[in-house]
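There are two complexes below, and they share chain A, which is joined by chain B in the first and by chain C in the second.
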Partner chain A sequence: MSMASVDIVAAGRIRRVRRRARVVLALLALLVTGFALTLMLGQSFTPPGDVIRVLMGHDVPGATFTVGQLRLPRAVLAVLAGLSFGLGGAAFQIMLRNPLASPDIIGISSGASAAAVFAIVVLRLDGAAVSIFAVAAGLGVALTIYGLSWRNGVAGARLILVGIGVSAMLDSFISYVLVRAPAWDLQEAMRWLTGSVNGARLGQSLPILISLLIFGGLLMSRSRDLQALRLGDDSAAALGTHVTRTRVMVIIAAVGLIAVATAVTGPIAFVAFLSAPIAARIFGSEGSLLIPAALVGAVLVLAGDYVGQFLLPSRYPVGVVTGALGAPYLIFLIVRAHRSGA
Partner chain B sequence: MTKHSLSAHQLSAGYADTIILEGLDFQVPPGQITVIVGANACGKSTLLRTMSRLLPPRHGQVLLDGKSIHRTAPRQLAQVLGLLPQSPIAPEGITVADLVSRGRHPHHGMISRWGRKDDEAVAQALEATNIVELAERPVDELSGGQRQRVWIAMALAQQTQVLLLDEPTTFLDISHQVEVLDLLIDLNQQRGTTIVMVLHDLNLAARYADHLVAMAGGRIFASGPPADVLTEANVRHVFGLESRVIADPTSGRPIMLPLGRHRMAKTG
Partner chain C sequence: MATDAALVLRSSRSRVFWLALVLAVLVALCAGSVAIGTRSVSWSEIWAALAGRVDTVGQAAVAARIPRTLMALLAGAALGLSGAIMQGITRNPLADPGILGVNMGASLAIAVGVAWFGITTANAYIWVAILGAGFTAVFVYVIGSLGRGGATPLKLALAGVATSVAFASLVIAVVLTRGDIAGGIRQWQVGGVGGATFARLSVVLPFLVAGFLISMATARKLNSLALGDELAAGLGERVALARAMAALGAILLCGATTAICGPIGFVGLIVPHLCRLLFGVDHRWLLPFSALVGAALLTCADIAGRLIARPNELDVGIVTAFIGAPFFIWIVRRQKVREL
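Coming up: the complex of A and B.
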């Protein structure tokens, strides 16, 4: 072995690590800027000084209500939900090696949403009970589609088709519950069908924060093995990865992330589906996509909500905006998959 | 250098409700090149998959240095036993150096950091497979032969003393097949790596094996030096094919010439 080739390898690796760090930092900067802007800009402009004083707990006439009660809870919820959707979506897509295998396509988000709406509208539950309901339903859906598509192992394409069917069933269940609900309200209906951060309260973000710490932490601890799974199950096993155990842990973590966030915001359309592919575009395929995808998810929800609130002729919930963004990409993927016969 | 012993005892394995291997015994000669041949569906790949922990056995066991591999921690096993599966997947856009460095996976835990030793292992693997100049190229852009060398480089970067390969020459043209096999011989001679591979081409198998294994119906039908295993009678039994076996004028190894039904008479 010559020194020259070691140097080539080391230089290439350092270049990849630096590039990765630069992209993550840029995304983080974008997110922080977006967050700050949404606190300052709304129907009226609040100067940065006032925003900071409100955040520090001072009473600023006018600003304390708009920033402290309206904009801050909304922005925090948008960021935390976006991080959860981005992470959960990326985990599924990486694990099943297919961008269509996202939880919002294969019915896991719909399952969590259906459970949440059932718990709230019919059982009259709230808070943590709704989250637990949603997580249980999410895991139930994951288990169901896994079981239904099992035939000597799980093939990605079969799982996706089964998932799309399950997803459609759950969506009609959501509509049924909403139509039968005594206090039927359009805003609420939109939340459980396409996702919304309307009427956010700071307390709602707490379960999502806890879920990010627990499930996000679990997922990050499996990040290396998830990377190995990208080379195929056989290669991953040959490299010393415990394939089944990794799968189970990743599914639990990703379903937890998606379901807890969905129990609050509803299934914000296509954020889980779009985040990792966008992150991969910017980031390349080097290293783990989890953190970049989480940041992209947060930026998407934050920006999507801002556009829906202020930049369109009438106010739309964030899911309508992200849905409009995701649908063309979904069509593109299906057309491409069909052409290559996959 | 310690030579690891790998063996299968009374091994039965299969998928769902089909048993493919039945009560198979197999001793891998340490430090040698073993090539497994046999007709389609005779259990070659199943044997390799069971011996590398990808498939749990129904009965019997696979022992590495006297310890069952299905009771060894996966990461620990992957430091000694490597496997190149039949169809590994290259993530979209990944570069050669990045893919090869995935071979270091079993040498790292959750917290251990990448070090000089890892860079050296990757560089060594790139040099052994002659792809240093491709290091920064995306794998998607490479030819089939180059790509196969990248996968072998990944297995080399794993630095295992035992390496199993499932048809490493499929989809390659003849010059690349010979190149890959020569590379594996280099590896065996320079590092003493024990190699076990499945090959389709009987003549290449006889040419490159120290120890040739012919499988039929989920069992080992014949095994030993190529000259003893590649015989007209064995080809008839294993492949159901009439043939002539002659000695290769260059290497002295046996060559099998299929007879078939047509074009047998010499024509001007």
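Coming up: the complex of A and C.
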């Protein structure tokens, strides 16, 4: 190879890296703008100056309650949950090399949700205990699905179908717990069935923040190995990746992210499923999709919640909006994937 | 040849045996469904209620269980039969009116009809539901059969599940705008037979009877289709017509059932598989047996739903999903990956 062609390759590489950086910055800017807008807009408009003063801790008549007590906790929860779902979903999709293998389709979100609702309604737990319960159940479901779809190796199609079955079962368990609950509350039921950030309190976001730091960090530290898994197990092993160890770490991290967020917001429909494919579309499929997918997830939940609250004829939980958005995309994916014969 | 004759004789004898057994189970379940419930009642109250008296609370409870039992029988038979037909038409082991999204389509159609077009009569419910079911069936089938390889089980199941989720979201979106009907949101998402009355039964009955008759008439055609489209055409079967006719029967059955009970899944999946194991693959036997076993299964699930969540009731749709999902996984595991 001549020096000139090496230069061309290097130049192309630099261009791609710069493009990636630009896209990530653009997504970040979009997220920050969206966050700022949701603090200002609502039933009434709050000027940016008032919002900033509330955030600084000053007492602004009227704005302190709407911004500080209602909009801020809600927006923070939406962003953190979106980051978790986007990150966890992308990790599963990359690891299993199939966009359909996202935790909300194969039942892991349902498992976490079922455990959370059981812990809250039947065992009367709250706070961190619920999160731990949800993570344990998420891991259990992941293990079960993996085991059930095992037959001389795990085939993607079988894993997805087994996951759909497990998911149906867990959803009916959620309905069972809700029926047994002493007080039937529509809003609460919606949370555990489709996901919602209604009634958010700042304290609720803390476990999600911690889980993002721990599990998100774990996932990021495995980013290179996860990237290698995309080439297939054998190639990844040849490149020096411990395939099994990487898998186990990635599953723990991704399930942790999904489950802790689900324990607070419920399984917000299809955010985990949609984020990485949308990120890949903006971003190109090269390079690690984890950070872009997390950002896309946060934007989706934030925007979906705003749309559900203010732009539709009635107030909807965010899961209804993302659910209505995600299902056509799922159909599109089925049509397209099979046209190319994949 | 002699052994063939013996085989046929034996299998028809065993069919008669199974038929008697299923009927006996069905009668026992009917008795159980009337006697067992959230409220415990004495035998004398049951007899009095069966004789038409509703003087005490217990007698009234039993009197309410009679139409409910009939509804469970009819709905179960309709769903079992329509599942058998859907599996026959698509030659797909995972076909079921619930999994393919057809029930949710019917439910969405009713929700839209009630919220936006103000339909109120049970008759209108049924027509709208059948329309919704038919549209959804075509939609899912078209999506599932696009691309290479036609309608594989995986593609059909995914298309059905995706459609189901989308429609469930839309049902919430439609129903939540109407405070007056939002309280009953569960009934649009999870089916049950708790609200059955004789008046509703009499409205739905003609549709179900029509569905049963059309379905039974297609048994022979489904047998030809089972050989594959080319062979069936070679035998002189008009393949497209046979499919359309069988589909019409199945859609009438599950649409009308969903109109009265809401979406109930997995009955149509489990029942035909069980029946195929017990009675063989001949649709002339498979279809009637699927109807009977479906009736038994749904009645049994309904009784279970009344017992496990005391003092509340569990909608039968929740119970069938809980029994049906492991069955679904079992079928998935049995299939070779290549076919999926």
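Miscellaneous remarks
Just so it is clear, the second predicted complex is superposed on the first by the 334 of 342 C-alpha atoms of A that agree within 3 Å, B and C clash if a C-alpha of one lies under 4 Å from a C-alpha of the other, contacts with A are read in each partner's own complex, and residues count from 1 in each chain.
Following the convention adopted for this analysis, a residue touches a chain if its C-beta (ideal position, glycine included) is under 8 Å from a C-beta of that chain, and two chains touch if they have at least 3 such contacts.
What you see is a predicted model, and the numbers here were worked out from it, not measured in a lab.
Of the two partner chains placed by the overlay, only chain B lies in contact with A:221; chain C stays clear of it. More residues of chain A lie in touch with C than with the remaining chain of the pair chain B and chain C. Of the two partner chains, chain B is the only one that A:97 touches; chain C does not reach it. Contacts of A:160 after superposition on the shared chain: chain C is touched, whereas chain B is not.
In the superposition on chain A, A:232 contacts chain B only, with no contact to chain C. Touch criterion met: A:242 reaches chain B, while chain C stays clear of it. In the superposition on chain A, contact is made by A:324 with chain C only, not with chain B. In the superposition on chain A, no chain A position is in contact with chain B in one complex as well as with chain C in the other.
Residues 100, 148-149, 151, 155, 157-158, 160-162, 164-166, 168-169, 171-173, 175-176, 179-180, 186, 189-190, 194, 269-270, 312-316, 319-320, 323-324, 326-328, 330-331, 334-335, 337-341 of chain A touch chain C in their complex. Against chain A, the residues of chain B that register as touching in their complex are 15-16, 49, 52-54, 74-79, 82-95, 97-99, 101-103, 105-106, 108, 110, 114, 116, 119-120, 122-124, 126-127, 132, 135-136, 155, 158. Those residues of chain A that touch chain B in the complex are listed here as 1-2, 5-6, 8-10, 12-13, 16, 97, 152, 221, 224, 227-228, 230-232, 234-235, 237-242, 280, 284-286. Listing the residues of chain C that touch chain A in their complex gives 94, 143-144, 146-149, 153-155, 157-159, 161-163, 165-166, 168-170, 172-173, 176-177, 182-183, 185-186, 190, 265-266, 309, 312-315, 317-319, 321-322, 324-326, 328-329, 332-333, 335, 337, 340.
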